[in-house]
Each structure stands twice: as structure tokens, then as C-alpha cells.
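Supplied in C-alpha cells, the structure appears directly below.
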Amino acid sequence: MMNSLDPKRVLEAALLAAREPLAVEQLHQLFDVIDPPPAIAEMLDQLRTEWDGRGVELVQVCSGWRFQTRAEYQLVLDRLNAEKAPRYSRAVMETLAIIAYRQPVTRGDIEDIRGVMVSPNVIRNLEERGWIDVVGHRETPGRPALYATTRSFLDDLGLRSLQELPPLEEIPHTVDLLANTADATEDTTDARVGDPAGALPGAPAEL
Amino acid sequence: MMNSLDPKRVLEAALLAAREPLAVEQLHQLFDVIDPPPAIAEMLDQLRTEWDGRGVELVQVCSGWRFQTRAEYQLVLDRLNAEKAPRYSRAVMETLAIIAYRQPVTRGDIEDIRGVMVSPNVIRNLEERGWIDVVGHRETPGRPALYATTRSFLDDLGLRSLQELPPLEEIPHTVDLLANTADATEDTTDARVGDPAGALPGAPAEL
Amino acid sequence: MTQQLDIPEMLESQAVASQPVARVRGEPLMQMPTDLYIPPDALEVILEHFEGPLDLLLYLIRKTNVDVLDIPMAALTLQYLEYVEAMRSKNLELAAEYLVMAAMLMEIKSRMLLPRPRAQGQDEGFDPRVELVRRLLEYEQMKAAAAELEALPRADREFRSVSVWIEQTLVKRLPQVEPQALVAAWQELLRQARVRAHHSVSRDELSVREYMAIVLRLLRGSGFREFGSLFDPSRGVAMLVVNFLAVLELAREGLIELSQARPYDPIYVKRVHDDDEQS
């Protein structure tokens, strides 16, 4: 039975039907009766080329290979389903970025970087999307959960690994700051009339 | 944007990405800005032909059109999710083992060895699979049918003859077995039927 | 994202006073920073717009185009407090972090007013702004990273994964059985029945039983068969013996009838009650 089927077509059908990306090791299972095993990497390359210029493309992501619609076609296909993908607030995206680039991190770490409380909803939102999960606990008082991004996060962003994340902007070393401290003394001369600093400390926190 | 895309490729991408069959009216929504609207029925026909001989086919079902895996590929694709393959129940496996190693046997023999009733479904299941059949009847009251395994059973298990079944001599002497040796030595009668009535008091019927 | 760009336009500049309102790095500041005046109805929008005090500070710094590595603390603190005070006076719910930051800014500012011991001028970490700048830069970095992530093509937004229908109804999936699974089933039987291990089946016994089934099949529906036709000499002597044993065993179990008219006549074999075969 197997011998009558073109291995490349088998591969294609498997990838078109799969719900999740398929790893090369998984794809090998399709051919375990064939000796010698077919060159899967080569066939994947050929398939990718065959699908050039069509509405669907074969891509490699973190957990394997998958077919996906091309962005320029998806714009048209979106006419079929009014239901749009969820939009994420800046709070969610910043939390995600911190987890992605600084993982594993606790909620406290995220709050330190963002300078504000992180709502539990933000974390839950990302967990429910399957983009982050708890990978352990930090051995500090309270044993806070350590969050990291998942394979599914990379898959959904079309990335093969964390190294493919957009590079971070360089930040200057704060040591550089010290070089400027000599001039900064001038700053101490200012004195503003009606400095609201005086007004504020007594202000009650309205919380 | 739309104008730069080949309508047939748009159709193909839409059908590949859709989770449900798409009706022709729905497919028209893809092109509602194009004047004159493309001949969708014609394109669907062309697509169907283009996909001839591949692992996935374009078919028309009740609620519309969809791509689906071809039956002859499905057997191979199933290897990807072996864990989802159905399994035989313990009752079926034990019945099959008894028929294989003790053939020809009656249902009564099987029940004696298993110590429980054998549901007619179990026998029918194996008969429908083509792995056992009736090879005669025993000349005892009721003339029960004698079951044996078939050639197709051997074929499906990759055996050339029953002799290639794994030998049973290598059964390890478990603590369990040793603990019961004292009673069992008494049982010097027919190894096949033995005296299961004594060995399996109160065994429940299994359906 | 576009909202961010719109906000400065909403904030009308307001020139005030002919004398400097402040001095920034020795330069007189002749007018309020352009973004200090907040139209009342814009306040809530602005509040929602900022993700927290760091975000607000970054906005103020980038807006006034000052060097983040050399922040004029007094001016920045002033602007920040203007915002916070405006929020407070509008009775808007003000996150505690904004007030904490206000206190921190004032602390830094006051520490910078203190005379610095010249001898320890090289002392790292003396500049009280270092920690604030570090935090601002780190936050700005993550804010930019978040924007980059947001811009990446994303599943179910810019693209969808393809998953065509799997036509399972066409092929009934049947359980696969490995020969070893039969042994496992048998062992389970043994364990349960507590039969002695010598109840095992040898290959020899098996082959006899295999031939018993073969002979019964040969006889099915054929009425009488000549004894010799039950044997296939091409399979070798060993198999012939096994075959013969099988016929004897079948006879012993009363499953077949052997008949011979006279000695040396052909022997005929017939299944007992072959007529009412059910299959």
C-alpha cells in the first residue's frame, strides 16, 4: 500500500491535515516501513518551493513544519469570518515581552521592570492563550511562580526559537551616565517658584 | 491588493484554511469587490482536477466544498497518531489468545479458561475482523461451535504459521504462580480445560 | 499606537511669564514645557494612555528631547508632579506607583542638591539618578520589544494554520495486535486463573492444533475425503507427522469420522455433522 504512494505527497497530505506543526521525527513515522528512509528534509524543501506563489506556504516553526496561509491572502480570507483574533493591550504585550526576553521571571520581576502592578488577568490571559506557563518557583519567600514562554508562543509567532525574537534595542551602560555627572551639578541650581513638590507630599493617596 | 492575487489561488487557500465546508455563496464573499465576479464553479472544477493524484482531494459535501485527506492516504497518515488507534479490550485479547493457542475451542472452553462469560460481541468482533472462524462443532450437548484462527489472522500479525506465535514456555514464574503451585500440582488432568471451576470461584460474568 | 502620536497635539502649548520659570542646566526656562497644560477632558485619555510612572517619565523625557543619560532632575520632577497633581485634583483614581515615583524623584532631586565630596568624585553609584535611568532604559527597551512582538505576524491574525478535514469515516480504523500482545493476554489469564506454569503450550502442541484447524477446514463442506488427501508430502516428514497427529487428535475428540470398508481399502474422512455447518 505504502509503496504505491509518492512519499512527497504523503508528506504533503500529513502536513496539510495536521492540527499542529509536525517535527521531522514525527514525519519519519510515516515512512518507517520504507528502506532506505526517504530524505525528508529534501522533500520538505521541494514542497516549500512547489508552494511558492500560492495562497498557502510551508514554513518551519519551533515545533516543526506546517502549512499556513500567506498574510496577503489572509487579508482576503478574513472576509469569510468576521470573528477577529483577540487584540492584546499594551500591558499584556509588555508583560509578554518581559517574559519572552527575560525568562524565567516572576510576577515581581515583571512589576519591577514595568513599574506597575501586573494584574492577574494579564497573566491568565497569556496562560489561556498557551503562550506562557509556570516552569518552576523561585526559592524566595512565597516561592513565586517563574514564568516562561511556550513552544506554542514561538509557533504562533512563526518563530523557530527564542533566538529569532526581534533583537532588543541596545541600552547604554549606566556607567556612561557617570561620565556626565560632572556637568550635572549645574542642575542643582534651579529653583522654581511654587514648586509643586511642596504641595504633593501631603497629598493623600487616593486608592 | 485583491487584484494582484489569482482568484483560483484565493479560493484554494480559503478552502484549505477553512475549518468547515464552504458553500459557493460564502466563496462569493471573497470576491465581492471584483467586477465581474469570477466563475467560482469553474474554478472549483479546475482545482479538483489539479489535486488529482495527491494525498488531499477537493470534495463537495452537503454544506459545501472542502479539502479532505484521501482514504488511501489515511492509513499512512494514521501512523502519526498511533496513540489514537483503537485497542481491543482485555476480553477480546484474552479470547483471541485462547483461540490462538488452544484451537479449536468452543466458547465454553474460553469461558472455562477465562473464568467469566464470553460476550457474543467479543466472538463476533473477532469473526468480523476475519481473524477467527468456525471450523466445526464439538459432539457434546448443544454441539457448540469450534473456533480457530484464520490465515488472515496470521497475515495481519505477520506470522507464517501458528508456530511462529511467541512460545508460552517462557512465562516467568511469578510469586503469584509459585504461591499457588501447591494446589495446582493436584491438577494433573487435561492442561487445556483444567479445573477452572475450582480455580476461579465466584468469577463475575463479563459482558 | 496612533493614539500616542495624537496626544501631543491635544496638549496646547501655553506660553507664560516673561521671567524664567526655571533653570535647566543653567539655561533659563522661559516657558512651560509645551505638554504641561492638559485640557481637562483629555486627562482621562492621558491617564489611560500611560502604562505607569516609568511610561509617563519616558514620555516626558522623549518629548522634551533631553538626554536620558543626563536628566535634568528638577525640570523632570516638576513636569511629572504637574501631571500627578492634575490627576489628583481631578479625583481620578491614581495608582500608588505614581506617588511612589513622585517621592523617588524628589528624593533624587534633593540628593543632587547636596554637595558632592570631591574626593569621592569617581565613586561609582554616587549619581542618585543611576538607578532611575537604569529602570527607565530597561523599561523603554521592553516597551520597544513589546511593539516589535506586536508587529510580528501572528497565528489567527496575519495567517491561519491549514488543517484540512481528515476523512476518517472512509477507513474504519482497526486495532492492531502484536503477537507479543497475545502472550501478554495469556499471562494475564494465567495470573488470574493461577494455573500452574506447566500449562504452557509448546510449539509442537501448537503445530498439531494448527493442523487440526487446517484439516477441519479441508473437510468443511466436502463430505467424505480420502485420508491421503489430507496430507501434503511436500511440507516434509516432520509436518506429515504433525498432520497425522492432528487427524488422530480430531478423531479422538470426536470431531471427525474415519471409515474404511475393508482392510487396505481407502480410508475416508468426514467431519461429524458437516451438514449443519453454520458459517
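Residue numbering begins at 1 within each chain, and the chains themselves are lettered A, B and C in the order written.
Everything below uses one rule, namely that a residue touches a chain if its C-beta (ideal position, glycine included) is under 8 Å from a C-beta of that chain, and two chains touch if they have at least 3 such contacts.
Keep in mind that this is a model prediction, so the values were computed, not measured.
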item	value
Number of hops, subunit A to subunit B, where each hop joins two touching chains	1
Longest centre-to-centre distance from subunit B, chain (CA-based)	A
Whole-Å gap separating subunit A and subunit B, where each centre is the average of the chain's CA atoms	41
Distance between the centres, which are taken as Cα means, of subunit C and subunit A, whole angstrom	12
Interchain centroid distance [CA atoms averaged], subunit B/subunit C, Å	30
Interface hub residues of subunit C, defined as touching at least two other chains	160-166
Junction residues of subunit A, two or more chains touched	16-18, 56, 67, 69-70, 77
Residues of subunit C that touch subunit A when the two form their complex	21-26, 51-55, 67, 69-70, 72-75, 77-78, 81-82, 84-85, 88, 91, 93-97, 99, 101-103, 106, 109, 112-113, 116, 121, 124, 126-127, 129-130, 133-135, 137-150, 152-166
Subunit B-touching residues of subunit A, taken from the complex the two chains share	1-2, 5, 9-10, 12-14, 16-18, 22, 26, 29-30, 32, 53-56, 67, 69-70, 72-73, 75-77, 79-80
Partner subunit B, residues of subunit C touching it in the complex	160-168, 170-171, 173-203, 206-207, 209-210, 212-213, 216-217, 219-220, 253-255, 271-273, 276-279
Residues of subunit A that touch subunit C when the two form their complex	16-19, 21, 56, 66-71, 74, 77, 84-85, 88, 90-91, 93-94, 96-98, 100-101, 112-117, 155-159, 165-166, 168-169, 171-172, 174-178, 180-193, 195-197, 199-201, 203, 205-207
